[in-house]
Structure formats: structure tokens, C-alpha cells
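One structure below.
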Amino acid sequence: MSATPPLFDLLLALGLVALALGCLFDRHLVRACSVFVGFALSMALAWWQLGAPWLALAEFSLGAGLTGCSLFYALGVLPPGSPLPSRRDWFREPFRQAAIRAVLALAWMGMIGAALRHSVPVMAYSPMQQPLLLAGVAMSALGLGAFALHRHLLRRLLAFNVLGSGVFLLLAGLTGTMAHAQALIITGLGVAWLGTLLGAMLIRRLYHLQGAKALISDNESIRQKRQGP
Amino acid sequence: MNAAWLPPLALSTSLVAAVVIFALPESAWRWRTGVNLGAALVKLTLVVLLGYRVVEGHYDTLRFPVVEGIDFVLRADALGMMFAGLSSLLWLCTTLYAIGYLENSPNRKRFFGFFSLCVGSTLGIAMAGNLFTFLIFFEMLTLSTYPLVVHRGTPKALDAGRVYLRYTLSGGTVLLLGVVLLYSLTSEHSFASEGGLETFLPDHRGLLLLIFALLVGGLAVKAAMVPLHGWLPRAMVAPAPVSALLHAVAVVKAGAFGILRVVYDVFGIELSVELGVTTVLAVAATVTILYGSLRALAQEELKPRLAFSTISQVSYIVLGVSLFGPFGTIAALTHLLHQGLMKVTLFFCAGNYAEELGIHRIDELDGAGRRMPLTSLAFTVGALGMIGLPPVAGFITKWYLGMGAIQAGMPWVIAVLVAVSMLNALYFLPILYRLWFRLGPAHGHGAWPEERRLGRLETSAWLLWPMVATALLSLGAGLFAAMPFSPLGWATAVALGEYLP
Amino acid sequence: MMLPDTLFANALWFNSLLSLALLWPLLLAVNVTWRHVTAGDQGVPQYLDGWWLSAPWPALGLVLLGNGQWILDGWILGGQWELTALSRAWLMFTALLWALAALHARGYFAHEQAKATAGDAAARRRLLRLAVLWPLTLAGNILLIVAQDIASFYLGFSLMTFAAYALVIHDESERAVMGAHVYLIMAVLGEGMILGGFLWVAGEAQVLTLDGLREGIAQAPHGVAMAALLWGGFGIKAGVIGLHVWLPLAHPAAPAPASAVLSGAMIKAGLLGWLNVLPLGNPLLSEGFLHLGQLIMVAGLLAAFGAAIYGVMQRHPKAVLAYSSISQMGMMTALVATGLTAPDNWHLVWPALVLFVAHHALAKGALFMGTSISEHLPAWPLMLMWALLALPGLSLVGTLGAGMASKWGFKSALYDNEQTTLIWLLSLAAIGTAALVSVALWRQWQQRQVGKGNGWQLYAWLATLGLALMTPVWLPLPSESMPFPPFAEWPGLVWPLPLGVVAAGLMLTLWRPKPCVVPAGDLWWLYAALGRAGANVYGAMAQRLYITKAAIVKRALAMETLLMQRLEQLLATDAWMRHHASGLMMALAVGLVALLAWESILS
Amino acid sequence: MSIRFGLVESSVAVLPFTQPALWVALGLPCLLGVLGAWLRPQRTWPILLAGLPLAASGIVLLMIVEQHGLQRWQLEWGKLTVQLRLNGLSVLLLLLTQGLGLVAALYTPGELRHADPAQRRLERWLWPLLGILVGSLSLIWVAADLLTLYVALELMGLSAVGMLLLPGKVESLVAGIRYLLLALVGSLSYLLGVALILGHWGRLDLAGLVQVVEAGPVAWTAAALLGAGLALKAALFPLHAWLAPVHGNAWVPVSALHAALVIKASLFILLQLWSVLIPDSLFAAQLVAWLGVIAIFWGGGLAWRAVELKSLVAYSTVAQMGYLMVVFPLLLGPGIPASVQGLAWQGFWLYLVGHALAKAAMFLAAGNLILATGNTTLQGLTGASRQLPLSLLAFGVASVSLIGLPPSAGFTAKWLLLRAMVIQAQWAWVAALLLGTLLSAAYVFRVFRYSFVETAPHYAFRALPPWLDGLALGLALASLLLGLFAYGPLTLLQGSR
């Protein structure tokens, strides 16, 4: 492996992180979902770059295609003509909570980074050699942080997907293209899509039953008042 | 020759009866009565058979492992058979009584089902061959008694049930810890083990003391020793047969019996003396005896007075245990039976007054002797026995306790005994006075709180004859105490045969 | 005596006689109950019928026709029943008195029976109670006399004690209830002390018989304390000073025949208790017993004099007689004490004592019955009546008949031991007796009524009187122990009488305290006040404790409520955790890694 | 520890019959599920009939393991290798799964018959999901490599979520989507851990990993990631909070299965993986134990205050998982004597099995009570003792085991655990265990307190078919008697080879 970082990988990694940031923190949900589709396409590129064409194909179809469709279905964009839920998330987390999440995400990143530094010797002296690995670490941390932060169900779904991509990227980066790793990733992709689909259906159903508020209220009202002895 | 099937068979009579009763519909009065009485009779027969075999020298044992190194053991030995005999005999009486008492009241199926379970657990306690088995039935007893205590379903009954559970479950937990500690010290240690715990004395004195404290502490809750007695007076809200059972046979006796087992069969009396715990036990029992009597004095209702009297009386057993020597042992064992007979009589009487005349308070008893002469006679016998007057059974116990006290070098116990006798007289004689010498509704002064004519005689025959039987038994146990198979004779045989070299 | 020796000594014969003597009263009690029940709700049988009167007769038969010992293995703690020289004599006078008192009762209660037949429910109830419990009391009395084992003795004693409660409370007046309660309270106290003493001795000596008990006390290290305890326990029944308070309260309240047996037979049971348990006449006694004996003697003499002085101030004739009993029992107590102070002489003293006791029993019985006679004087010459009424009193003082014999008996026994001081003091006490008897007669005279008498009542009284005067004749004691005094000694025996009468006269004329100043029952009122004060203190303490407990309970409940509120807050926290589950998961993972790293650094 | 899990490398020849039996055990549930979706059985006997071969396969496997000990399979599938192993523990859990699955299936028609028609739109889906759940659970017990475990875990998670969502009520949807997202995130955390392992040691089979794993940052991080993810799925404190709403709103057999098995499966994997990755770590186990102590009181306290019957049962699950967590330091850590570890091991699994039975019984009994009274709160039970004695009896017997009173499995397990703790002189946990017992008694007896009330007005109760109560009672009795007759199962557990 050459000493200079592979430029394309670097760019791809930066792009992935940027897209992840975009889809995670854009309050306009349709836009965020669109960015996510872009992110998934970049992921497919990354798989290609890592030498796993099957994975790229899977990512393209499952990640970008089906997951994207599911997300748009949840938003009411697809199929056209269905009622439109509110497409912006107006809820603002208190700053303190956001800060705590940021710290947690950083700690998470540090933890995984440290483990990687131990596990992959090359990371110790030239971390830039494997930018995609780093991107994976960053994405997983970002995804998890965002997942913990957001309340809107759709945004949590998005965060979960980003987290998943980060984990897959890490896995692939660590192990290369071992059959076991590919099996794991493919299973993961499938599960992620199934989960997203299920989530999207649930979001629709909840919106149908309860309106937009149901999508951001994670704390169900405490009905359990003191009764009896 | 070991008939391993006998103990489980005896045990299963009540358990099967419970299952059948639960399965029968609520309205099947005749069937239920038949099952109840049949099971009681069969069980009594089996227990007598087991006792006979014990006399013959066969200690029937059922044993199988539950986990590595811990066995489930049912074993018929002399001490256990004594308790089993008492519980079977009184079960029969109490069942008869309960059938009459609960006539036409709701939830009889539930009542009799748990009643059978309760007595089954008592039999299990009697036949438990090691502490693990004992613990199993001990907790079963707690659970099966709870529905009986809350049977009436009133807020008061439910509160009593809650208090009962708080006390007994906590006690059971403490006991569990003690048993676990003991097992981790000794591994398997059954009641029949020859070697005591003396071997551990040099190295584990503190641990042995701790184990003893935990075991006896846990058992003392059930034995209602002060200050762990709070549940007992409250549990008085239960129907009279339940009170009778709680006080005379099952719950408090289980505690006292457990203390007997722990001192004699687990630690061994010599070791207990060596550890110095018997003195502590004697003092605790004394405190309980005096406190119970003093509290009984202040009660204005009949059943609570009897309840505090139970607290006092049951600790006689513990006192007897703590007096080192054959006489103390005999006293403890004898009182186990005598107190049961007398107290069950008293509770039957209290129940009869409540059922027939609606009497709950002592000052309502004026002149009841005329209206219910047999009941009042039975009550008189019971009360005189509690005071310790001959020829009722209570005198025998007191006598042996006194002898045991001297033998154990604790003459102060005699002063306690005398003081308690006086206190007993102080709270029982006024009742007798009211029964026989005061003028009341029977003489045309006022009216009974709630009079019902339950039977051709003074009350329903179901309620009357069991009470008469137990009264006669308590009289007979005293009058013919020196007979070979009287409670005293049996206790003497047990004490001399098993616990003394 | 008249029977062939073979039958006389036959065990089966003796056993059946003895069983009959004990069971017959019980059977009669059942019989009365049965007749009452079968008579129906309103029916009134003759409660005191001929059968009922026969209750003590088998016991009399036993004394006359039986001799031996019966060991019962299965009985309570092992029974041993026996007629010894002492118990034979004792049973004789006891059964005799009971028989006569029963006859008297037949007459005494005839009026009440009539009322009951006329439909008075209260009278019916009272009669039934008396008719049932009278034989029970008797049975107890007989049992305690024949019993030579501790359990039977105690059983008899308790049975007698508690059953007699019904005799005292009989007429249900306020005074009777009061008297009965005092009686009962003291009795319970006595039972307690006796039980304690028995347990103590029996435990030390491991014995079950009274013989063994005496031996045990003599040898036990704390023998003196045991003896004192038992002495006190029986002393309550026997009316030892300080413990006598129930006598003057219960006797006036009880019906005359009941008073007769109470005073004649039952308080003697206390004395019998002493004879049975105290190591009297045991030559190997320790120093302590000598002191105990002196103490007992002092107590006895104090009772003899104190009761006399207090008694003459009483208004009620039966109260006066009760004090007379206390006084007399005091004299007997002093005599008992000689068994400890001068054990060597005891073999001479005890027959005299028994004679004294027997005579006193019958004489006091006659006196008590006499109180009912003076309330229903028959149409006989007044002088004769009063002479007859005075006769037992005179005999008691020792001026004639059996009284003289008995007095001479113990005096001569004491002379042999040169206890002149005691003799002199006892003679002085006889002055007191004379004074008491005269006061009693005077009070009877004041409260006399004529008519409405009954033959049973009268003739039973006369029979008692006669038998009392002839006590040495029928008492089964060796006749040499009951010599009649030679004529020369008569003045020495008679002189207290005039002195006593004069003293009584002086007392009655010079100082007549109001009844409230010298209430019957003297020390009882002090005890009652003390008891009430004690009860108040106990009550206050209990109240204090109750308040404390209530406060603790309240605090516990408040804490419970607080805990429950905290638990409610848990619900909110739980919801928070639900929302932050993923953040918590991150924290957990990071924390775990940090922990593991730290652990490896540490090691 | 890993030996106790049967994670040893050996080349035992696989016996004939074992593999078919295994395939039946793994595959038949899914097949039956599909069949169920098609036929939608309304009666119990077809279900019982269909369940027979399943049970037979389990019994065959049991007999094989009893006679021949540990069984191992290595299946090659292209470049993938799948490792399976069957030891006493696996077969015990397998039988438990089959039994509970069967009971849940038997209960289902009764539940559906009485359910609100609006909630029955999706009932058809219950059957295949149930089949997949049972199959994936069975797979988890036998899987011996991380990939298979991952697949099975995901299958189990998704099918469980699906089943929980079926009633379609708003509450169940809210709870379900939360559970879905958390389960997915948990899986990803697990996957991250697997990635580290695979990247560092290059293998996924557990038996092989036991040989190569050495302590170090990678092992720690992997253990932490796996642990956190699985803890989330296993509802271990403090990641338990999603559990109560999920249980409260699902169908009864689903709640029963979920509480009894699904969360236990995650715990099973967690313990298995930790025994591979960090067998000598004291602190991690201690942390879990302390969290367990908190969980005991947290769950107990909440259950004590619970208003709804099902949430009471659900919170009690949190507390009961706490007991299992407390055992960790006796299983993992340096220098634990074999005797202590053996006791703790037996106690842990006995407790788990006993709790599974008891909790399932309790859910069924609670479901019966709710069905009959038509009221989900505890107060709705007032006076139930007269009308519903059998349901209450089942609840009572189950709670005996739950509280840990003799002679139940809970008691025997607690006994073993206490002995282990006493030998190790771990007094804090002894105290936690005993106090927790009292606390659980406190909350369980609230139910009876309500049901024994006689003074309240009597509500109309719906009559239930007796077999519904019979199922609950049967499970409860099983958990009760397991305590007394634990010797056989425990010897099965002990014989690891």
C-alpha cells in the first residue's frame, strides 16, 4: 500500500460523510430523503471501490432503490396522490441534550477508533491510508448520535440507515471481501431494508391514526396514575 | 424395612383432597363434605399407622435428590409423628367444625381447598427430614394460609392478610438465608444425622451463632414471639376455624416445631447450651410469655384476647426447648400437643358464641353459660387449662416446665410461670365469671347481639361436638397424663429415646 | 373397726370405697344437673333432696370402714391416695361437718326452694348453682385429704378453692359479690404461691409425693425459702395474718352452711397443707427452719391477738366469727410452728393440734349455723336457746367439753417441752376468743329474729353442737392423745372466759367505733388501694407505650406514603429512560470499554 | 465457561438421525407457520397434532444428547461455513422453546376468538411469524458461530416486532416502532462488534475464537459493543424501558413468548459471547451485577405501583432479568472456583427456564383474567376470586415461582445462587436477592389483594373455555414442579460434553 492516501477513496469518504451529515441534519424531510438516496448511491460506489460488486449491486437496489422508495412512501411522496404528512421536522432538542449526544458520539467514535488502531496496524501510523474505514467510523458515530438525538420517526429511520451503512463500511474495510463479511453485510442490508419498510408502513399507519404529532412524541403520556393501595 | 410410600401417601391425602375440592363445583356440598371427612379420616389412620411403625422401630423415609447434594426427605420419626398426630386429629375436628361454621356462606370451595393444603403443609412440616424440605413446606404453609386469612374479603381482613404476609414472608426469607448458610457450612445435614454440628464449633463459632439466630429468628415470626408477633392478633379477622387452625395446629405450631427441630435435631441441645443460645432463647420466651399475657389483659374482645394468650402460650414450648434437660424437653413436646387441644377448644367456643349469639366482645358474654352450657363448660375447661390448673392438660406442661427450670439451673423461670399463671387467671377468670355468674340476656336482661337458632341443642351439632371432643381430650390428656400413650407418655418416650444419651 | 380385718385391709374394698367417696359427690352434681335439665325450662326439682344430702356419706364410710393405700399409675402424674392417721382423722371431721352442713343447708334454703317453686327464676338459678358446686367443693376437699401425691393434692385443693367461689357468691348481693371477689383474688394468689413452691421443691428433689416433698424441703439448699413460699401459699387459705383479709369479707356474705364449711373445713385445708408440706418434727432441720418456725409463731400469735382486738369491734356476727376463726387459726399456726422450733416434741403436739382443729371445725360450724338459728329463733325457751347458742363458744374458749380437752391436750404437750411462754400466750389468746365469742353472741342477740325456722336447720345445728362437744369421742385418734384434763387443772383452763367476757363488755361500752373506721376485711382495703395504684401505674405506662407505638406507626405509614410517591417518580424516570434508550446504550458501551481498560490498567 | 457452552473444538462423528431431527426442529416451525397462515386454525386439536412431530424432534435430540453428549455440525455452504452444536443446555432450551411455542399456538385461537374484530385484520400473519420466531430461537440455541447467530437474531427480532405490531392499536404501534428501531440499532451494535472480531481474528466460529482470543482493546471493544447491543435487546437495565409498553399492548401469547424467550435469547448470546471474549474480566461482570441489583428494585418498585395487570407482569420481567444479571460475577471473572461456578451456572439456567415457564404462565393467566373481566387494570379484578378461581390459581402458582417460594424452580434456582454467593461471600448480592424476593411478593400479592375483595360490587365476568385456564395452569405447575424435580435437567446442564 502506498504511503499517500488514495485520492479517490478520500474524496469518496469525504463525500459520504458530507451526504450523511446532510441527510441527518436537514429538517426538510423530502430533501433529506433525497440526500439519502444520493448517499446510498455513493455507498454503492464505495462497495465497488472496495472490490465487492455484488454488494454494490445490492446497495444500489436495496439501499438506494427500495429503501428510498420506502422512505418516500413514508413521507407520502410515493405513491403520488396520497395524503401528505408534514414534511418538516420543527421539533428542536434542547441544547444540553444535543451536546450530550455530541459528546457520546465523539466517545463512541473514539472507542471504535481506538479499537481499530489496535486491530489494524496500519491505522496506527498513517490513518489516512484507509479513508473509507475512517468514514465508516464517522458515519456510525454520526448515525448513532443522530438516532439518539432526533425524535421524528422518519429522521430516526434515516439515522439508523446511515448508522447501518457506516457499520457495513467498517466491516468491509476491516475484513476485505471475505465471504463471511459479505454474508453479514448482505444480511444486514436486507434487514435494514426490511426494517425501513416496516418503519415506513408504521409511520404511515400512525399518521393515519393519530396525525403528525404521533411521529415525534416518543414519550407516550403517562397514563399510569396512582390507584389503589 | 422401609415403606417409602407411606409418608408421601399420608401427605397426599390432604393434597389430593385439595385438588378434588378445587375441581368440584361450589354447590357440591355433600361431595365436598365427604371428601373432607374421608381424607381426614384416612390421613388420621395413616398417621396412626406411621406412628405405630415408628414405635416398632421403622422410620419410613422417602428421599430423592433435588439438586446436587440436596435431598428432598420425608421421614417419619417420633417427634414428627407427634406433631403429625396432633395436626391430623385436630384437622378432623376443625373440618367438622368448619363445615358447620361456614354453612351457607360463600366461597366454601376455596376455603376448604386451601384448608386442606394448609393441613397438608403442616403434615409436610412434621415429616420433613431436613431443613430444605422443612423450608418447602414452611413456605407452602404461609401461602396456603393467606387465602384463609383474607377469606372474608373485608378491608380489615385484607389488611390482616397483608400484615400476615409481610411478617411471614420476611421470616421465611430470613430462614432461607439461615438454611443456605447452614448448608454451605455442612452440606447435607438431615434431622436424622447422628453427628451434630460440634465439629464446627472451634472454627466457626460466630457463624454458628449467626445461623442459629437466622433460623430461630425466621421461625420465631411464625411462632409469634415478641416482637415478631404483630400479625397474629390481626389475623383474628379470619373465620373461627381458621383462627383455631392458625393458633392451635398450623402456623404458630409450625414455628415452634421448627425451633424444636433446630435446637434438637440440627444443632443438638448440648451444642446449643455450649453456644449459650438457650439462655437467650429462654429470656426471649419469657419476655414473650409475659408480654402476651399483659396484652391479653387489655383486650376487650374475645378473639384478640385469645390471640395474645396464644402468643404467650406458644412460647412455653420455646421456653421448654431452652431448658436443658429431659424435663424441659418433655415440657416443650407435651405443650406442643396440649396447647393445641386447649386453644382449639377455646377458639371453637369463641366461634360458637359468635355464630350462635353474635358475641364478639367479652362484656357481651354475661350469662352465656345458661344459654350455651356445653360451650361454656368447654370454655371453662380450656381456660382453666390455660391457667394451668389440674386436672386440665395445661397443668402437666407447667409442672414439667418447672421441673425443667430447676434441672436447667434457671429457678427464676418458676417465678415467671407463677406470674403468668396469675396473669392468665386474671384474664380468664373474669370471662368465666361473666359466663356463669353474671346475669345476661339468658336471664331476661337485654338481648344478645345477634341470636340465631342453629340447632336443636344450644347450637348446631357440627359446631358443638368437635368442641366437646377437644375439651374432653384436653381434660383427658391431663387426667390420664401418666398413661403410656398420652401426650405426656409419648413426649417422654421421644425425649428420653431420642435426645438424651 | 367393726369389720373383719381381712376385708378391712382388702385393697379392692378400699379402692372402691375411696372411689365411691370421691365419685359420689360428682355423680350427685351430675344428678342435680340432670334433674334440672329434665325438669324443663320452668320446672323446679327439689334441688337439695335426700340424694344430695348423702354426698359426704361415702367419705364417712371410708373413714370408718376402710384402710389402706391406693397407687394409681395412670393418674395425672401418678397418684397415691392413702388414709394415714392424720388424714383419717381429718377426713372424719371434715366429712362430718360437710354432712351436717348439708342437712342444715336443706333447712336454710327451704325458703329459697319455695320461692323457686313459686316461679322465682333467680332463686332457681342460685339453688341449682349451689346444688351443683357444693358437692364439687366437697369432692375437692376429700381428695386433698386422701391425696398423698402432689398433683392430686393440688387438684383437690384447686377444685375446692374455685368451686367454693359459688358458695360465697351465693346470694348475689353486692356484699356477696365483693366478698367472693376478694376470696377469689386471694385464692388465686395462694394457688400461685403453692404452685411455685411445689414446682421448686419437686424440681429440686424430683419427687411426686408429699412425703418426698417434706424430705426434699428439709434437705434442699433453699429449703427455708421453699417452706416459706408454701407456708404463705397455704397461709392464705388458713388465714395467716396479712393474708387473712378474705375471711371477714367472705364469711358474712356467704350463707350460713357455706360459712360453716368454709370456716370449719376449708380453711383447715390450708392447715393440712402445712402439715403435708412443712418438714415438721424433722429432727435434722437446719438453723434456717428454726427461724422460720419462730417467724411463723410470731405471725400466728399476732393473728391470735390482732384478730381478737379487731374482731370485737365488728358489727356483723359472722364477721366477728370470721375474726374469731383468724384468731383461732393463729393459735393453730403457733402450734404448727412448734414443729419447726421444737421438732422433738412434734409427735406429741400434732394429735393435740388435730383435736383442736377438729373441735374448732365443728364448733365453728355450730357457731356459724347458730347465726342462722338466731335469725329464725324457734319457739323454745329463750334462755335455753341462748345457752345452746353460747355452748360452742364456751367450748371454743376451753371451758367445757371437747374444747377443754383439746386445750388441755396441747397445753400438756407443750408443758412436756416447757414452752411456758407459748402456753401463757395461748391462754391470753383464749381471752380474745372469749371476748370474740361474747361479742358475736351479743351481736346475734341484737339482730335476733323469731320464726320461719325449719327443722332441718335446727336439728342439724343441734347435732353439730353435740358432736362438737364430744369431739374426742368420735375422732379416730388414739385415745391417749386426747386426755380429759384432771379437775385440778380446770381453773387454769377456765379463767380466760370471765376475763374475755369482761373485756368484751368493756370494749362494747367504752368505745364503739363506726364501721367505717374498722371495716371488715381490715388490710384488704389497703391492698386494694395499692392494687389500684399499681393498676393505674400500669395503665399509664401502657398508655404511654401505646402512644409511642402509635407515633411510630404513624411515622412508618408516612414513610410508606413517601416511598410510594418516590416510586411514582420512578415512572417518570422510566419514561425518560425509554426515550433515551439509544443514548444509554452508547453510554453503556463506552462505559464498559472504559471499565475493561481500567481493569487491565489496575492489574 | 466456554466449555460449559459446549464451545470446544472436536471432531466427534455426527450420529445418524441427529441431522434430520435438527432440521425438523429448525425448519418445521416455519413450515407449520406458513400452513397456519393458510388454514387459520380455529381449534386446538389440529395445532396439537401439528405440534407433535416438532416435539418428537426435540425429544429425539434430547435422547441423543443424553446418551452421547455434545453434538457438533459444520455445514459448508459455498465459502461459508456454519457451525452448530447441541449440548445439554441447548437441548433444554430447545425443548422449552418448542413447548412454549406450542402452548402459545394453542392459546392463540382462544385469544383471537375473544379479541376485538378491529384488531384481527392481520391475524393471519401471526402464524408464520410465530413459526419463524420459534425456528429462529431454536437456531440461536444451537448456533455456534457469529454469522448464524446474527442471522437468527435478526430473524427473531423482526418476527417478534411483527407479532407485537399485529393488534394494530395506536399504543402497540408506538411501542412497536420504538422497539423496532431499538432492536435494529442493537443489532447494528452487535454487528459492529462482530466486525471488530472478524477484522482482528479473521474467524467467526466461537469454538475457534475461544482458542485465539486474547484480552486487549479489540476484545474489550467488541465485548462492549456486543454487550450493549444485546443488553438493549434483552431489556437489561438501564436499557429496559421499551419493554413494558410492548408487553402491555400485544396479544397475550405473543407477550408470553416474548417475555419468556425472546429477551432471554439475547441474554443467552450475551453470556455466551462474553464467556468467549472476556472470560476473566471482573469489572464488566460486576457492572452488570450492580445494574442487576438496581434492576431488581427498579422493576419491583414499578411493578408495585403498576396500575395495569400486564404492565405489572412486564415490570416484573425487568426485575427478574436483574436476578440473572446479578449472577454474572459468579460466572465470569478470574479465579472463580469450579464449584461456585457450577452452582451459579445451574442456578442461572434453572432460574431462566423457571422464569420462562412462570412468566409465560403468568401472561396467559393475566390474559385470561383480562379477557374474563374485560378490564385491564388491577382494580378490575375486584372480587375475581369468586368467579375466576382457576385463572387466579394459575396466576398464583406462577407467582410462587416468580417470587421464588418453594418448591418452585425459582426457589431452587435461588437456593443454588444463594449458595454460590454465600460461598463467595458476596453479601451484597445475597441481600439484593432476598430483598428482591420480598419486593416481588409485595407486588404479586397486590393482585390477590384485589381479587379477594368481597365487599366491592361484582362485575359481569365473561365465561372462558377451561382449556385457556388449563394451559396457564399447566405451565405454572410445570415451573412449580421443576423446582422439586430439578435434578434431571440440572445433570443435563452439568454434563457439558
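The letters A, B, C and D name the chains in turn, as written, and every chain counts its residues from 1.
Definition applied: a residue touches a chain if its C-beta (ideal position, glycine included) is under 8 Å from a C-beta of that chain, and two chains touch if they have at least 3 such contacts.
A quick note: this is a predicted structure, and the numbers were derived from the prediction, not measured.
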Contact-graph distance - origin chain B, target chain C: 1
Chain pair bearing the highest count of C-beta contacts: A-D
Chain whose Cα centroid lies nearest the overall Cα centroid: B
Label of the chain whose CA centroid is most distant from the centroid of chain C: A
Mean-CA-position distance for chain D and chain C (Å): 77
Inter-chain centre distance, chain A versus chain D - centres from mean C-alpha coordinates, in Å: 30
Centroid spacing, where centroids are CA-atom means, of chain A and chain C in whole angstrom: 102
Chain B-chain D separation of Cα centroids, rounded to whole Å: 42
Sites on chain A at which at least two other chains make contact: 111, 144, 147, 218, 220, 224, 226
Residues of chain C whose C-beta touches two or more other chains: 564, 568, 571, 575, 578-579, 582, 586, 589-590, 593
Listing of all chain pairs that touch each other, if any do: A-C, A-D, B-C, B-D, C-D
Chain D residues touching chain B - in the complex, by the definition given at the top: 342, 346, 383, 385-386, 389, 393, 396, 400, 405-407, 411-412, 414-416, 418-419, 422-423, 430, 434, 437-438, 441, 445, 448-449, 452-455, 483-487, 490, 494
Complex contact set, residues of chain A against chain C: 100-101, 104-105, 107-108, 111, 144, 147-148, 218-220, 222, 224, 226
Residue ranges of chain A in contact with chain D within the complex: 111-112, 114-120, 140, 144, 147, 153, 156-157, 160, 163-164, 167, 170-171, 174-175, 178-181, 183-184, 187-188, 191-192, 194-195, 198-199, 202-203, 205-206, 209-210, 214, 218, 220, 223-229
In the complex with chain C, residue positions of chain D that touch it: 178, 181-182, 185-186, 189, 215, 217, 220-221, 223-225, 227-229, 231-232, 238-242, 244-245, 278, 281-284, 287, 298, 301-302, 304-305
In the complex, chain C residues that touch chain A: 564, 568, 571-572, 575-576, 578-580, 582-583, 586-587, 589-590, 593
